[in-house]
Amino acid sequence: MLKPLGDRVIIELVEEEEKTASGIVLPDSAKEKPQQGKVVAVGSGRIADNGAKITPEVAEGNTVVFAKYSGTELKYQGTEYLILREDDILAVIG
Amino acid sequence: MLKPLGDRVIIELVEEEEKTASGIVLPDSAKEKPQQGKVVAVGSGRIADNGAKITPEVAEGNTVVFAKYSGTELKYQGTEYLILREDDILAVIG
Amino acid sequence: MLKPLGDRVIIELVEEEEKTASGIVLPDSAKEKPQQGKVVAVGSGRIADNGAKITPEVAEGNTVVFAKYSGTELKYQGTEYLILREDDILAVIG
Amino acid sequence: MLKPLGDRVIIELVEEEEKTASGIVLPDSAKEKPQQGKVVAVGSGRIADNGAKITPEVAEGNTVVFAKYSGTELKYQGTEYLILREDDILAVIG
Amino acid sequence: MLKPLGDRVIIELVEEEEKTASGIVLPDSAKEKPQQGKVVAVGSGRIADNGAKITPEVAEGNTVVFAKYSGTELKYQGTEYLILREDDILAVIG
Amino acid sequence: MLKPLGDRVIIELVEEEEKTASGIVLPDSAKEKPQQGKVVAVGSGRIADNGAKITPEVAEGNTVVFAKYSGTELKYQGTEYLILREDDILAVIG
Amino acid sequence: MLKPLGDRVIIELVEEEEKTASGIVLPDSAKEKPQQGKVVAVGSGRIADNGAKITPEVAEGNTVVFAKYSGTELKYQGTEYLILREDDILAVIG
């Protein structure tokens, strides 16, 4: 099991085919393109400047959209994941 | 449905024709040009440095002006959206 | 009507002729040159790091000087405006 | 009258001749050279991160030294001024 | 013994063979690649902006994933270590 | 008299000959080289983010070491000074 | 005597021969290499954003590891020192 630290979130990448099915089509533009995935683990949250912990807004099981090229990819027990900061997540689909 | 996170706002882009009709004409200059759209979803707000949540000023249904090249474009169920931070919104029209 | 957000201020640009009349002449130098305009709308103010709202110092009707190349230009119902942050305003004339 | 905003200060530039008389000679070096002027107006002060206003240290009438190339020059009713932030002022002479 | 300061953590690098065994395979991509190691020492924690100490989330003995090229390598008594900040650790495995 | 503002400190530069006598020899390296001087005036101190004033650690008469190329040089009534921020002072000698 | 200011620490550099003896061998890599030294003086500590002083973790006599190219070198009464910020110290050995 992978347990993300702080404000990190672990995403299981959604396959291209699935993505089209769920209705997101990436427009053909020069802008930073979003990607889609499923949240599989959420860290305990970012620490505010006064030391308080900020509860993450996303939860396990959420389907989320994030900016392409955010985070760090890794393969764990045969599955590809992306670890990113919650702030790199743009929106929850659902 | 797309639910933006934190200080993110989802904008439905207003067509060029509509834009002229509503009275905004982009001046022909070297400056960063504004764009116009309609707010379709608003995140729960930015977290201040002391951990307090800051209520967004914009609301669903607002027509807003924002700096071109802000945010991330995505197409969802056939409609083109832009996800940007509330701070990238310059003004509300209305 | 354009309602600026946060610490944004909307300025109606003062014509070159008017500007000379009001007594400001831009010196011929390599430094960043100031420009002059009239405040037509003021946002509700910047949020301090502790979440408190900071009341803007400028008010509607003020004639202000700001650094050239600040902000975003837009034309609305035939009038040219500039939207900038209050911090880009250098001084009030009057 | 020019009223500076926030932590801005308006300086009337001291002529080269006067400057030598008052005893400051700029050394011939590669370092950033200081300049001298007279404070003609002081803003209400910088806002600290907790929203408190910080009273400026300089006052109208002070002769001050500041780093060359700070601030924004403008001519108002025939006189040349420099608008800079209080933090760009290095020292008060007197 | 090496005692890391502040928010620093000391990692003993896990050999490539071991890494494959534990199930992490680095994908062949242009993105920043994660690496794996075992925490051997944890600093007393980062100081928040208000002076409070923030207890680290990782503990001695944890197997962790971190972004490649984070931190500073050193060899101590024949063993290779990596000293990095806790924030450079992406996730704990286990 | 020169009165430095905020966290600024005014240093009278120590002559090269004196410097060698006092025991500091600048090593011949690519690193940023320190310089030595005598504090002749100290500002009232830096303002912390919460608006509190922080009492300077250096005092008039201290001989200090600072990084070369810090601050702003000026000549006042025939003497060469350097105005720098207290944070640019590395150590007090004595 | 050299008394460092704020969060500065003065290190006496450990000779290469000694370094090998104490068990640290710098790996032959492209990464930033650590260096080793002995703490001879510690400043009174960093000031937190709320104005509180943060007690340093290192103490006189500690043998420490720090990132090469941190700080400022100086020779004082025939001995070579390095002045760096406590945050540039990675770990204490012992």
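Side notes on the structure shown:
Read from first to last, the chains carry the letters A, B, C, D, E, F and G; within each, the first residue is number 1.
Note that in this section contacts are C-beta pairs under 8 Å (C-beta built on N, C-alpha and C of every residue); 3 or more make two chains touch, one makes a residue touch a chain.
These are the chains along with the protein names UniProt gives them: A, B, C, D, E, F, G = Co-chaperonin GroES.
None of these values were measured; they are calculated from a predicted model.
Common neighbours of subunit D (Co-chaperonin GroES) and subunit F (Co-chaperonin GroES) under the contact rule above are absent. We define each chain's centre as the mean of its Cα atoms; on that basis subunit B (Co-chaperonin GroES) and subunit D (Co-chaperonin GroES) are separated by 39 Å. Rounded to whole angstrom, the centroid-to-centroid distance between subunit B (Co-chaperonin GroES) and subunit G (Co-chaperonin GroES), based on C-alpha atoms, equals 49 Å. Residues of subunit G (Co-chaperonin GroES) found to touch two or more other chains are 48-50.
Beginning with subunit E (Co-chaperonin GroES) and heading toward subunit G (Co-chaperonin GroES), the contact ring passes through the chains as E, G, F, D, C, B, A. Those residues of subunit E (Co-chaperonin GroES) that touch subunit A (Co-chaperonin GroES) in the shared complex are 23-27, 29, 31-34, 46, 48-50, 52, 54, 57-58, 65, 67, 86-87, 89-94.
Considering their complex, residues 1-6, 8, 10, 41, 44, 47, 49-51, 69, 71-78, 80, 83 of subunit D (Co-chaperonin GroES) touch subunit C (Co-chaperonin GroES).
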